[in-house]
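First the structure, in the form of structure tokens, and then the observations on it.
Labels run A, B, C, D, E and F following the written order; every chain starts at residue 1.
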Amino acid sequence: MDKIIHGLKKFQEEVYPIHKDRFEALADMQDPDVLFITCSDSRIDPNLITQSNPGELFICRNAGNIVPPHSHETGGMTASIEYAVSVLKVRHIIICGHSSCGAMKAAMAPDSVESLPHVKVWIDHCRAAKEAVEHRHEHLNDEHLDEVTKQNIVLQMNHLKTHPSVFSRLSTKEVQVHGWMYDIKTGNVEIYDEDKGEFVDA
Amino acid sequence: MDKIIHGLKKFQEEVYPIHKDRFEALADMQDPDVLFITCSDSRIDPNLITQSNPGELFICRNAGNIVPPHSHETGGMTASIEYAVSVLKVRHIIICGHSSCGAMKAAMAPDSVESLPHVKVWIDHCRAAKEAVEHRHEHLNDEHLDEVTKQNIVLQMNHLKTHPSVFSRLSTKEVQVHGWMYDIKTGNVEIYDEDKGEFVDA
Amino acid sequence: MDKIIHGLKKFQEEVYPIHKDRFEALADMQDPDVLFITCSDSRIDPNLITQSNPGELFICRNAGNIVPPHSHETGGMTASIEYAVSVLKVRHIIICGHSSCGAMKAAMAPDSVESLPHVKVWIDHCRAAKEAVEHRHEHLNDEHLDEVTKQNIVLQMNHLKTHPSVFSRLSTKEVQVHGWMYDIKTGNVEIYDEDKGEFVDA
Amino acid sequence: MDKIIHGLKKFQEEVYPIHKDRFEALADMQDPDVLFITCSDSRIDPNLITQSNPGELFICRNAGNIVPPHSHETGGMTASIEYAVSVLKVRHIIICGHSSCGAMKAAMAPDSVESLPHVKVWIDHCRAAKEAVEHRHEHLNDEHLDEVTKQNIVLQMNHLKTHPSVFSRLSTKEVQVHGWMYDIKTGNVEIYDEDKGEFVDA
Amino acid sequence: MDKIIHGLKKFQEEVYPIHKDRFEALADMQDPDVLFITCSDSRIDPNLITQSNPGELFICRNAGNIVPPHSHETGGMTASIEYAVSVLKVRHIIICGHSSCGAMKAAMAPDSVESLPHVKVWIDHCRAAKEAVEHRHEHLNDEHLDEVTKQNIVLQMNHLKTHPSVFSRLSTKEVQVHGWMYDIKTGNVEIYDEDKGEFVDA
Amino acid sequence: MDKIIHGLKKFQEEVYPIHKDRFEALADMQDPDVLFITCSDSRIDPNLITQSNPGELFICRNAGNIVPPHSHETGGMTASIEYAVSVLKVRHIIICGHSSCGAMKAAMAPDSVESLPHVKVWIDHCRAAKEAVEHRHEHLNDEHLDEVTKQNIVLQMNHLKTHPSVFSRLSTKEVQVHGWMYDIKTGNVEIYDEDKGEFVDA
């Protein structure tokens, strides 16, 4: 924690002064163009990998970059998506999965999280992705991690399209949905091509 | 979107090479010490304000930096907290609210989000904070925004303490909970002092 | 009720004997090829309009031919779909909406069902369809009923694709999803063409 | 699917013309007298076994002809019942179970559907029926299928009576609830006699 | 609070010694014969009005003596009923409503509790009782309070019969369900006679 | 049941006449100062152990004296607390746990209630208490029952503080929350001292 407090002071003394004008301009409002949904994983820094500035990305993060399908029940993702699309009127939504994701590993082996009741239920939102990959191969093993992760990105894009604010703006192209697969080791990003039904280099 | 793609390429060509060693070392695992819970607001960059590196902060973000109280129902926050505390064994949890928060404004005037059904239900998790401030003053107005935001941070800390993984590690001090109030305009952070029952400068 | 009881006796005395062999063959098992999802509306008879026999269509019916998106919560549709796809291994799923649908009228004017709390919540599953049409026109009126009904069919097809059993069999084409718009007055059926993104004559 | 499309065309060319007047008269409204709740099973055709015409039966179908007890939560059955009773003002509700029902077999052996999470939860609405039969015999076996199915019909009638629209019209006899047990093999129907507490021939 | 603490000391010094043997005998187990469900109202003392001793009544109390219908969702009533019937094997269940009940007044005028969101939802479990009385009279007024309260007792008895542990033991008469209407002012109790369908003096 | 009916008559003939004035004074309203939350256990009589009279304690009872954390979902506890605090304006809330509690035994050994699905889910609200004690010792055994019971009282106090009506009145001290541990065998009560973080004699 000392390191964090130390970093905070360094930010205030050395970094904030450089960006002072920007922060003051942003003091009363935000107007981001992009809703960026990614995993809570500590190795991902959305502003770093997109080289974007404060004010540009409205960011939602949870374990597994999951978007529950729309339902009567409200959760943080459902509410935050509604806010981003209907109030902030973002024009792009990026769902960004990543290599070596702990949530995807759990989704592939639900029994391994038997003692984590909420993780177990949460990753059930990825079950269709896991079952789709499982359906193609005889058994799942570690080599299928990337395939499951990519299927999960596609699945969460499907889920996103059940949310009223998104569904109603898709046909008019006021909003576009993008799927990204980020490789932590190489910094590479593959983007989902809906026409081809596969991921291609950015 | 062009700007984002352009930033991504810049990251890959100019920034990644500098951090190559770090990213390669992180390729297969993460070991963060801190769970950082903050608002989705585009003006907040947790890694920037704490000057921390990839791998150091496990980050959860939603509109209003809300932590629903523990219940049988699973949501993204509940699952991600369970994962961070029980699997990653983070030792600190920071709940970071901020000035000029749209979710707090909505919480102060729920009627203003009548057409946003999920935002309306989600900010009901902040109702106790709003009612506590309202209880002290005759009417709520714009000047009470910071007070509501701070009460909300305290409330979400209370909520956090109802989660089994947190409750069981609090008495043994394996985990500590911190409340931060970040001022976008000035870069200042106030931290909640539980003994005094008030926020003090970091 | 007398009419119903009278009809039942007529079935037993006059109709059953004709189909006796078929019913005896079906006594212990079913093996339908199609899951047919349609509205509870009394004017629709799935077996009549497809001229199919007992044993051929597994039929789910509710007000509005709604398929809630997949979630942790179980309802009749979610369970029946799982049963039809995973146990009976149906190869086709038809979602059949229809002209003059009371549920669609309610979805277009939710205030009209203020005194029907459950109808009001149920048709919220059609809200995205209503908002999509509303988004294109300035105001909704009676002339948009067919357009909303068709958008609802597309929306429920989207919902269907979030169910794990369906999602995992779609890519391998073990299962196909079809959208039908049935006109009660003329007996005509239009079928959704996903490539064109519009309904075409059967 | 070809067979279905072929049947549809046959309906339009050969059957619709015969009923043209009826369908045109029904084009803008329905006024059914009966809400018919039955299983999705492909072997049941409500219009066939009651020899009724389009416009006479408002039909709800799900696996197991289950009526969840009334609760704050809305599902397809709850909403459709509310619509049928409060809007269409049906005067009779028939819950029709049947022989050889897959849902009842699952209810008798919940472990057999361990891999079907939603079927498993859905048939929990039949648990009281299964436990009632189990309570009378030492063990359940295949011979108890009809007894469980009948108890389930009685149970779902109980559930139905917890729905406000039904409960409030029962004492004034504006609505009556009927329990039917349909035998696929013989075409026979037994009807529940509430005074006797047993099923008797129709 | 001083009065309570004072009463507690008086109990320990003056009352406990008299019952010492009984309490010591009960130290390790309970074996009650009756599950007594009543309102939280401060004017009701179940042990006083039945002149029963510690160990005889397993008591559940909430505002309105409500028993939610059985569902997949667990609440305090559902769990406590399951415990009382399946573990303690009580043989009688008494649902005891009462005159001048605040919850029934709220149920008759839901708008009066608009600012109490949970009370409003909770008393929706009494809506069928309110609607049944409303259905018989043109308008509801204060004079219908007792009639609504009695209908609510009957409704909660219906709800009780949807719980598996109760449903399965009713036909074998291992458990019996009783409805009581207690008049605070006179101490009188009327008991529901299911055959007559009305309340009669105890 | 005869004993209960007999007791009821004894109350009406011998006890009510003594308290006639009090009951008549209470006929139309209640004004309790205390919300008393305790277990349904038959061995506990709140009015007896506090030597209080009808009209003094608003009493909520369920298996395990559990207060679910506040959420969007309404249950009996949530609604009754809202009613007691916001309408009756009680000034004290006592959560009273007790020795030899069946719910606590179940919470310590959830596998023992595998066949009681709702008890199992309900006591999950005590899981944090069980895990906190488990975290300090290597294994849980019977000797830890009192420690778990006390931790559960503290946990439920935490839960109580997430309810808006309570949270908003705590800082102004309009409401105070108390934790009691009642020993059935000895009649002794220990009270939780928040400053010390431990239970002390009353």
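The working rule: contacts are C-beta pairs under 8 Å (C-beta built on N, C-alpha and C of every residue); 3 or more make two chains touch, one makes a residue touch a chain.
Listed by chain with UniProt protein names: A, B, C, D, E, F = Carbonic anhydrase.
Keep in mind that what you see is a predicted model, and the values were worked out from it rather than measured.
Chain centres here are C-alpha means, and the one lying farthest from chain E (Carbonic anhydrase) is A. Residues touching across the chain B (Carbonic anhydrase)-chain F (Carbonic anhydrase) interface largely coincide between the two copies, over half of the numbers being common to both. When every chain is reduced to the mean of its CA atoms, the largest separation from chain B (Carbonic anhydrase) belongs to D.
The distance from the centre of chain C (Carbonic anhydrase) to the centre of chain E (Carbonic anhydrase), with each centre set as the mean of the Cα atoms, comes to 43 Å.
Averaging Cα coordinates per chain places chain A (Carbonic anhydrase) and chain C (Carbonic anhydrase) 33 Å apart.
For chain D (Carbonic anhydrase), residues touching at least two other chains, in rising order: 68, 72-74, 117, 121, 124. Chain D (Carbonic anhydrase) contributes residues 68-73, 121, 124, 127-129, 131-132, 134-136, 155, 158-159, 161-165, 167-169, 171-172 to its touches with chain E (Carbonic anhydrase) in the complex. Those residues of chain F (Carbonic anhydrase) whose C-beta lies close enough to touch chain E (Carbonic anhydrase) in the complex are 1, 3-5, 7-12, 15-16, 23-24, 26-30, 32-34, 40-45, 47-52, 54-63, 66, 68, 73-80, 82-84, 86-87, 91-92, 94, 99-100, 102-103, 115-119, 121-123, 176, 178, 184-189, 202.
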